[in-house]
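Shared chain: chain A. Partners: chain B in the first complex, chain C in the second.
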Partner chain A sequence: DSWGMLACLCTVLWHLPAVPALNRTGDPGPGPSIQKTYDLTRYLEHQLRSLAGTYLNYLGPPFNEPDFNPPRLGAETLPRATVDLEVWRSLNDRLRLTQNYEAYSHLLCYLRGLNRQAATAELRRSLAHFCTSLQGLLGSIAGVMAALGYPLPQPLPGTEPTWTPGPAHSDFLQKMDDFWLLKELQTWLWRSAKDFNRLKKKMQPPAAAVTLHLGAHGF
Partner chain B sequence: MALFVVFQTTFFLTLLSLRTYQSEVLAERLPLTPVSLKVSTNSIHQSLHLQWTVHNLPYHQELKMVFQIQISRIETSNVVWVGNYSTTVKWNQVLHWSWESELPLECATHFVRIKSVMDDASFPEPNFWSNWSSWEEVSVQDSLEKGILFVFPKDKLVEEGSNVTICYVSRNIQNNVSCYLEGKQIHGEQLDPHVTAFNLNSVPFIRNRGTNIYCEASQGNVSKGIEGIVLFVSKVLEEPKDFSCETQDFKTLHCTWDPGTDTALGWSKQPSQSYTLFESFSGEKKLCTHKNWCNWQITQDSQETYNFTLIAENYLRKRSVNILFNLTHRVYLMNPFNVDFENVNATNAIMTWKVHSMRNDFTCLCQIELHGEGKMMQYDVSIKVNGEYFLSELEPATEYMARVRCADASHFWKWSEWSGQNFTTLEAAPSEAPDVWRSVNSEPGNHTVTLFWKPLSKLHANGKILFYNVVVENLDKPSRSELRSIPAPANSTKLILDRCSYQICVTANNSVGASPASIIVISADPENKEVEEERIAGTDGGFSLSWKPQPGDVIGYVVDWCDHPQDVLQWKNVGPNTTSTVISTDAFRPGVRYDFRIYGLSTKRIACLLEKKTGYSQELAPSDNPHVLVDMLTSHSFTLSWKDYSTESQPGFIQGYHVYLKSKARQCHPRFQKAVLSDGSECCKYKIDNPEEKALIVDNLKPESSYEIFVTPFTSAGEGPNATFTKVTTPDEHSSMLIHILLPMVFCVLLIMIVCYLKSQWIKETCYPDIPDPYKSSILSLIKFKENPHLTIMNVSDCIPDAIEVVSKPEGTKIQILGTRKSLTETELTKPNYLYLLPTEKNHSGPGPCICFENFTYNQAASDSGFCGHVPVSPKAPPSMLGLMTSPENVLKALEKNYMNSLGEVPAGETSLNYVSQLASPMSGDKDSLPTNPVEPPYCSEYKMQMAVPLRLALPRPTENSSLSSITLLDPGEHYR
Partner chain C sequence: MAAPVPWACCAVLAAATAVVYTQRHSPQEAPHVQYERLGSDVTLPCGTANWDAAVTWRVNGTDLAPDLLNGSQLVLRGLELGHSGLYACFHRDSWHLRHQVLLHVGLPPREPVLSCRSNTYPKGFYCSWHLPTPTYIPNIFNVTVLHGSKIMVCEKDPALKNRCHIRYMHLFSTIKYKVSISVSNALGHNATAITFDEFTIVKPDPPENVVARPVPSNPRRLEVTWQTPSTWPDPESFPLKFFLRYRPLILDQWQHVELSDGTAHTITDAYAGKEYIIQVAAKDNEIGTWSDWSVAAHATPWTEEPRHLTTEAQAAETTTSTTSSLAPPPTTKICDPGELGSGGGPSAPFLVSVPITLALAAAAATASSLTI
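Up next is the complex of A and B:
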């Protein structure tokens, strides 16, 4: 037990420098955290590309066909990433961050449902890893919002998304939902990267601005 | 006939009316028509569920009835199914019946009606069918949710190979609907404008996540919506195979089976099949948690017989297998333990082990396997609890692995697992003498014997050979034997023996003892027996050798040879009755000559060389060509020779040489044949069949012709490598003659030149002195020729000068040497420079009457000028300028003029010819006198030498030349002073 206590103490000491409250040597502002969030978004985009390929193969045709682009009839509960350009431009930073935060909260929940259904262990591992990364992105966005002094959006009671398995959904619609979930995630990550890049430029002095070329990647 | 027809008709009509009456009476009596028919649907199972009642049943009475059910689809007239349903009906009972539709119920309206008939023994015949109930319509389409397109059945689970009907319902007939199965479009049958059905026959298993079927409604190119289903196709559940149960301890039965294919499907549509074990005697059941084995606890000691049923089950099917057995017949023993070895020696050991005791009087059958030296021996033994087995005939110093397994001896079911252990037998003395051979080098006074032996095989060594003992015993003189101990793994030793017979014994020794001795005798006679070497041809498999048997008794033959390139002596022992053998080894290399010596071993163990054989396992073409010398080159022949070429060290037996000759002539020379070279060019070829003939005279050649020659040896495998031809050009026929003449001539000329060089001084003096001898002058002959017989030449020595006067014109010391009688030549030798002979006149500014030598090489004009031949030279003039007078042109002019003058009369008045010595000129040849700093000569410091001349010609007038004989000597040294 004494060894356990010692190990615990060592762990705490090891992590002390990581605690922000104890590590305030100077306020660097929201810049670094925005950069980190942006980097994480790009990493998730890359990670999702391989995960989506595997998962859609797992669903079978037509979901893994490159030109499969069905009209979106189901999957109404998923937060849509597509938004009119004018509307998007009219959004302020806070609104954008809030939308991002809410979207990933929902998407993460649905992703966990996906993980439960996956039959192969390898796919489950990949999904779990992606969920962890997405959870990190959510925390990162929360960090940026806190740094900018924005409050976190509070979930309305009763509107919390839940994953409900069962016969209510047909298996085909379930697969379709999975397809849309992955597609929405892709679009959200692309949009977020753009949002964070814009925010980053805004927060940085003009001399240090870095132009990044972003491109939309389809499935 | 007409009457009969009328009667028959009347009878049938009567019967018909009677029957109608009867049924009406019965129906009235028992109106058992099904009533209250209700039809419900089950979409998941695609079934119609019917329920109805039968009125007017007797109270508390059960009647057996048959119900006929009709099912129509889309419209009532389209009956798709008719069937009977028999059951016992009680009073007031609600009857249920289900029908599964192959077409999804959502895709068509169904109609159902029912009628019944009594089928009970308590009611006498005849029974009549009731009336049909009214059609009951079932339509599920009305209950569909909002949407434009629906596909049914939803998420159906079927077995592989089933036939499935799917359909879609399109709300809008304007939409064009296409359906796809795994990406491929499928075509169906239109049931009505909204509904189309697709029959899928024998659906295959594609993946456990289901087969996706979807339909897309579109107008033009605009997609209006997609709807689909996932058809889950399960593999057919297999019957478990190899189901068996056994016990190791009479407490647990371990049952195993081969489950076959896993029928699990994704999306939790169907889990893996479950397995249940059911024992019929005890009635107990156990759900197995593993898919291929299950343990069953034996609770009743008394139960000996078991009847097990293994049931495999999934959502679609159930399969079972059954076994019945006696528990004592299914004993699978635990593997033996405590395996050990006792009393292990070189050839024997005792193996012991134990088995787990099962019950009293239990007998085991055990099997022992002994592995060692690549062999396996098997023994069976019956034991109780403690096993023991005597292992004999083992090899010494060998590691063995022994293992044992056991089974129930009374009812053999199966062997237990093996239990094993390794052991090593002890060493024993080597069982065989080492194979020994020798090579003898005879030297003056002694033999050097090298002994070789082969290591004993493991079979005969019986342990690790530590050393070899070599005992040398002199057979001629009684002396002590010499023992040498050579540590292993050496395989040879060298002995130097004197000229006596020796017996050598070699033994191999391990830790236990020595092997039998191998004996070899070296005779006192040296092995100088001349044996002719015979050539043999090898093959890929080796060399086949045969020899003549040795006269007398032999105990065997030995063939030895050297392996190349290691140069290791190898030998092979052959029995006494054998006179041939095949030497085959992988060590033989192509192109290497192997020498075999065959020895006969006498009874005294003395080896006697019988034959020598040499050969190649495979002959190769020569690796190099000889270096050919061309000599004795004449205009018609030359000789080729390659004496240095060794025929022995070649990769094959040299059989001869090919001499290739290329020439411009089209015809080959005699003895040569036409041949075509590898490059396609033609040439002439001469074959020499004797390998020792290493020269060839090529004759009949043309002079001044170019020939190309190439000599290559050949073996049975072919010629030597291609190389360049050597060019030979025959000389001209006369050139040799010319050489014979020219050479001596050149030699003579050279000799003369050398002599001339060595005697150059003498020649100079003889042939061209500095001061020509007037007697030798050619002029003399000319003068003589001119009819002037009185002309004589004065000899210098004839002149007796009276005085020599040295004059220094501006200032100088006049030395008058009187009475000096020196010849001119002497004076010149001692005072060669600037020596002038002048008349002794005080006034010498004018041209005085001088008598000079008649020398045509001097310019008379110069004397006329009053300078007496002396050329005034500016002090600054370069020395070469002093040679003005002596330049060849001037000399020539003067010569011409004087010559012309001399041809004429010499006038008396012109007697003032001055003589200027050639020595006065710096170019006179005495280079040492060349003044590096030329001094300014005194003006008209002249020297005139009066010579005795013929009186008539040069008699001076006394007034003018009173002192003719005076010599004025100008000493340069004094002059410069």
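Up next is the complex of A and C:
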């Protein structure tokens, strides 16, 4: 499938400078940055709505039809938001944050690939704007992880994604991949809102960051 | 000659009755059940009788006019609902029951109306259906739920026969759900299907126990409290936000307030002394649609004016009470000597005189049982 072949060059992301841990004494804890991350997911979801509408219209029917319900074929390497209810509920904070971070790293990568191929200048502009916002979300998640003392996920040696132009495949299949990318992005943003809501609730009341740090490992 | 004739007569009569009885009640085949379309014409043959057999038709025990017959067949034109019933044809002379038809007049089903909703997110959702117009005959419904290619079980509701429940296996799915329903009866069948994403059908039940109370000493405030709907399984992980609307009964325009958390709110711009109607709706913070409006709560803000000015005016004429009669209620305290004399008891012995500043006096004397 195309996603496996079409790996991205994402050095910018994987070499994100490590966010220095916040000064523990007197800081309000990760609460405000969790709130900010939550707000960002809502903003991005709103932005995506108009972007996806425009992009799907550009792809044309059947992709822009409301009842379009294709089977999920291909797009194997897209990070999937779907999860079993109990598993999701019992995720510890670190895993929850890591999953979000890794998902958006990949999604941003694929989005940048989309941007390269987009036909109209207006689409490229919208996509670029969205990519920037998504980059902001990643930075925000990284900030929360650092505040809680969790290391940022690093790519395993040898699996660093590099660009390899894959074999040409049908236009239709490419459009299908684009469709699933946007769908998965939308679902992740909606899931992240719930994830950060859960984190927010857990962090209340905004107790001393030290106790949070100790407690984090216990989950 | 008189004696044997009555006896023979009785014997013959008895025998004839027995024959008629057995012929009438001899084991017949069960009535043939037949469904016919409203407005159509139907011809009912009398079982296997010849066309020219002499028969009489009855419906539900009532004879039918012979002009409806075509030979031995009964012809009914322009069927109406009233034509439903048990039709029986009898051999005209022997009254032998030849054939019975239980006729049901009805319609084939129109396209059913299907809708699904999740008021218990993330536990699951339910789907309900109905026919837009009645068929007047029994219908069978069959519901199938597909999640991608996976078939999901829709459990019948224990109480409602046109509803079934589906449990979510996974959350945050990108694959749509497709719910199909088919309905069939003896005259035809129909079907429909709907497709939706997990998060679009989320709609909580309205908030419960909405209570509005006046705030003492605040003539423009009302305190409203409510509870999250009991059907919402996990308000901690899936918090709800609320929408409050209120207006005085005498006006049509609603005021609105959206609240992102908490289950209480104080209205601070109420019109003094006017009764208010207040409702609350709920929505998941991020997904789905608003619930229906809750049951309305009514309340009037706290007032210090007395309600029965006319009573006071009458009382002033008939008693020697020292309270002022027709003057508008002053804002300064007026002392009712009757009240002083009662030694501060909780009851108000001078209800007739209705002191103007009863409310203030009540507050001072903590007379919660004071009535106006």
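Rule of thumb we're sticking to: the second predicted complex is superposed on the first by the 169 of 219 C-alpha atoms of A that agree within 3 Å, B and C clash if a C-alpha of one lies under 4 Å from a C-alpha of the other, contacts with A are read in each partner's own complex, and residues count from 1 in each chain.
The rule is short, and it goes like this: a contact is a pair of C-beta atoms (placed from the backbone, for glycine too) under 8 Å apart; a residue touches a chain by one contact, two chains touch by 3 or more.
If you're wondering where the values come from, they're calculated on a predicted model, not measured in any experiment.
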First (chain B), second (chain C), both or neither touched by A:62: first
Dominant contact partner of chain A by residue count, chain C or chain B: C
A:81 touches, of chain B and chain C: first, second, both or neither? second
Which superposed partner A:130 touches (first chain B, second chain C, both, neither): neither
Which superposed partner A:196 touches (first chain B, second chain C, both, neither): neither
Partner chain(s) touched by A:174 [first = chain B, second = chain C, both, neither]: first
Touching partner for A:110 - first (chain B), second (chain C), both, neither: neither
Chain B versus chain C as contact partner of A:101, first or second or both or neither: neither
Partner chain in contact with A:42 - chain B first, chain C second, else both or neither: second
Chain B and chain C contact sites that coincide on chain A, given as residue numbers: 71
Residue ranges of chain A in contact with chain C within the complex: 42, 45, 67, 69, 71-72, 80-85, 88-89, 180, 183-184, 186-188, 190-191, 193-194, 197-198, 201
Residues of chain B that touch chain A when the two form their complex: 151, 154-155, 180, 182-183, 206-212, 214, 216, 223-230, 232, 266-269
Touch list for chain A against partner chain B, complex: 58-63, 65, 70-71, 73, 117, 119, 165, 170-172, 174-176
Complex contact set, residues of chain C against chain A: 122, 148-149, 168-176, 178, 195, 199, 236-239, 285-287
